[in-house]
């Protein structure tokens, strides 16, 4: 399972003033700590699956990123905060050297949580000192500004992973504890009526223009031809998916890709990851507020690509392609397509592949930009776990077809009838 | 591992005369038996990997196909040849009922090889009787003709699998026996000089028009936009790939997709599937003629998608997409692109996915047409194992990224430089 | 899973006359071929589990044994029958050199069955020529006679394995074919009433005195102290074990060793290996005569050590130790203990360990005599598959606790009440 | 892997005065906490292998034992400290109800370490109140005294596991942190010269007489016959085992049991669990004081049964049986056999099996006393991790043949020459 994908800033614009940089730096770094506030040192140390990482590791790794790619390069007389952290908190950059085994991250009881917080504070202070000392006219200023922007985008990716990884950890605890102390009291409103929004065939432009910040897998911006298609105005709800479950959806091979069916059988699956059912309480859903009665109007979350595809087939529809999703969202003024960025990532039918003309960056940062481009499927949009300001229409999230612990849901699509 | 993909004839043309049908039927069925001639009953019974099937199973399954989809439907007073064969020789049609466990096919010592040959003969006789009794004006004639065409295309797919599966079985035998009794005495000619053939950006039409026979995954014919690209005039040779090996290709993670690198490490791979090396004899290659000195000018075969992709990266190129491959081959008059259909299947960069507007057929035959469309990669062209007349430019072969036992090779592509 | 254990003759008696040696050699070698007679070349090639071997392999390996340990050593100008057979048909003698991977024995379609029969015939002829040429006074005569005796005991072990391995292969075939063409028409007589035969506490002698032939794990003969105990007069029947099954025996952890319970759960077991049950036909048992209605009076067979132990606990009894079993059988005049040698091997409570003073032999033959003495349990007696004359009271058969494909059954024991 | 084995007190002596009970209770409970003192909450939460448990779990489980088997039974108006702890901290008593999955113990970040300490304190207070309220003449007094004794022996077993489990956790940390803050400054004295102490053949009594406390697997006391044998006067040293390693001990199959050799190959082992080697520093050993230069004179620790057996074979000796070990230690006045109880547990050649006449106790406590008696090997003596006063000559520790994380070492034995 890939950790978030580090991708490069392409065209380097002039550096913004140091004060703006610092404000943004502090804002993002503090936002991470706010997510961690309800957790104990023990909560932050455990790893519930090799796909996930301990919170402590996220806190250290995001600091390691600034230390390795900015401080080490630009700080005069750089001395590492701790010589072993270079290896312990490297995620997958072979170019940086050895890495600690991913599946053993939960065994790192030392350095302690307190020591990792001290590491964060030290990195923060040194980055701030470096930025304060910069003149906007310094030759390195634009590069540092760009690396800082990249590091903060990277940090925001880990902010989302902190939520999904903590949720998974708590879900493995028989006590089913809540992340938020107070139970969610959402007076669920009725989900809107589902509409189909049609788009005509033609050449569309997709991908980021790379003027502002983007990850390198978002470019180059390029042409694709899409046939006529429709996109659902909102995401699939829990209630709609429950109808699939209760219609025997997990028992009928005709709905499933062959590989998906094998996965269902091998894991004896009957429902989405965090759904619970017993005769007494009926359907419940485990979430950040603990175990709650299932809200039929809420958007479905925590399904795999296989489940998304099977549901779509059962519903007489399909998943959208990346080009369909992006061109539709770009074309929409916000009135036709809701829940694009703030609810659940939306599985697409597109496997994760390089755009035409994509070429990897030099050096460790870009060394592996494209190395995850096989046997993964793209999700578009954003979720309730995505930090504000982080999502955009060109963003390409990706996970293997069986991944379920992310906030992953479904937006349906359909093609024009043949002969149309 | 998927067996060949049964796909439907789309638009049913009028049935050809019975005599033509019979001639083609006999020709194809006999071609299968010619491939089996050098093998013993024991050779035909063993299964060397769950990916492959015993030859006996191929012989029975292709007969089962005609029995199940033609005789059972159109023969008056149909009685099955053997009641248990329905289950034993069903490959993956859940709609037809239970199947025998794929990995246990090598344990079916009974029915014997002789009994399976008798099964073939009986099915042949009954199909021929049915066809001979048809009037071309009979209401079923076109349907039967189409199912026959489908069954024969299906049989041709298994003809190729017989070669690849036998090759794998023999390769597992420490005696390294040959399929052909006589050693290959090919005076290898020099491989032609590699040229790059450039194609301009634009909308291309790809996919089958479905007027003649095609598998349903080849349609509908539709538009795609391709950016400017170049295709290599021939396939990568053994000698070229050996340079990659000897340059440390299997030791350097930078060349590999992350998943490919894990696969190389986990399986301790150093070279293509059938290459052998020792200090005394140097490089050798195991093939249908047994173990032979490696021919540096011959086309490389038996590499996985991972290896193809790694080689391309090392070579400063990439794999072509399906649309690039098909539009280039369609545009070529045969003078610029050699080895398209007769040497090795060519890995593309495209994951196997439905074309826009693709919709599955009704019933068991079409029940699972698309069910393999996840985590597989498309190969285009054809190979030395493909029966004459079976290949075409729209044909979509597909296998998982680690599959190596097919005749799979590499044709390189490249994009126009950015800013071009 | 161990193949039969090759163990050494200890004290070398004078060699018997050549003619007697030859008679015995031919008798045993022909007995092997009689067991193989109902099988096809395909039947003889397949391997249904890594624990079992193909019949063809058994035929070749037993010949390899004579070739390697007698012909190679004593034949002047020895030339191997085929240079590759040395490696192909070596079972586990590291001292002899490389071995072929056990799990891949079913892929050896070449040499063919006919070639293996020719190998047997050639070895037979050469051994016979060597023996005929011997003078009883020759210095090698006693050694050759002993190696011959060892080789024939070894062959008899494989005769039993041929039956158990074929039975397993046929059981994996959905057609459930029979080894014997004719169905068993046994008018089952009532099993005798079970009696308990008591034995007093004291020092007993167990182990072989090594005057006649024995495997080396049977000696040295030595003293053991046994407390008062009782042994059941006959084996547990199918009907008795069915009562355990129907009493929820496979559902109640209290009956099982912890490891046995894990094994039951992991494999979802409900009954002995070859029992079948459905509502329509009730209980059936698969055997060498195919699928037959279960005979409640027949001895239970094909249970693991775990099942034997669980049954004993359910029945308020226990399994006997080796010392108990051997001393009781030795003390019995045949009137109190039936089914000792001709029905099923009987699991003991004893793990397989060296007797006091046991020391391995020099050279390859004895190289690994004791190397299986860990995590295996001893079975005593003999079975319906054991060749006549092969069983004896000191014989130590052994298999891992989960092995079920041998003819393994249960004879109960009990201790005197405490304070007795 | 079994947790320590809960076994029953047999003959119930009169209860000692409450004040003595309380003193012992407090002493043992406090000794546990002293072992935990150097650890953080994070250290106490992690689980480094399914064989080991988190320290927090040990702390809770030992308290659960007193709560479940004493408070729940004898406290008037018993209310559980926390309803979920009954399931969370049950180890393997099926009779008590559901258990939490062993491999997931490291995910129990809640209850927190502080809550578990509160649980311990509450149980301590309630047990003390119960005991203080007892009159020695009360009918329950002897039963409670016995259960208390059992619970404290159980707690002492977990005290040793706390050390071995923490050592394993720290060994998995790339920083190789020490449990003890201060490095060990042992001026290693020369290991004594190894002598062989001989014992004559005869009937010996082994097993506990069950007058004082013992676990039930230690009885009944009974007779065994042992042939003449010798025992080494001390344990094998690091230096001696290093000679085996440097003699190619891990490369030569002839030294190993077949299953041990497979284990060595499959895990690519070259040395004992905590030995480290590189060209620069030479041999080092990881221990509770961190990484230290190897002390060649110190006793070897952390080897498996396979390694112990292979070493013994290489050294021309063997492992002792249980009866040999126990009778020799019982017969020794302390002058001939050193390091019996205070250095390392000593692997014996005996598989773990019930003594003659052993019968399980009624109820949950005794429900599974014997359920681990298969595929495990007995270790005798005690170790540096065993609490003072816990070891005795009849004590039977047991682990699977590949277990290495305990303080397990080797004392050699040998038999009299044959014919002696």
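Each chain gets a letter, A, B, C and D, in the order it is written, and its residues are counted from 1.
Assume a contact is a pair of C-beta atoms (placed from the backbone, for glycine too) under 8 Å apart; a residue touches a chain by one contact, two chains touch by 3 or more.
Note that the structure is a prediction, hence the values are computed from the model and not measured.
When each chain is reduced to the average of its Cα atoms, A sits farthest from subunit C. Between the Cα centres of subunit B and subunit D there is a gap of 59 Å. Spacing of subunit A relative to subunit D, judged by their CA centroids, is 46 angstrom. For the pair subunit C and subunit D, the distance between C-alpha centroids works out to 37 Å. Here the touching chains pair up as A-B, A-D, B-C, C-D. Those residues of subunit D lying in contact with subunit C across their complex are 2, 92, 94-95, 201, 203, 220, 222-227, 229, 253-254, 256-261, 305-306, 309, 349-351, 353-354, 356-357, 359, 367-368, 370-375, 401, 415-416, 418. Residue ranges of subunit D in contact with subunit A, taken from their complex: 40-43, 45-46, 48, 84, 87-88, 100, 104, 106-113, 169, 172-175, 177.
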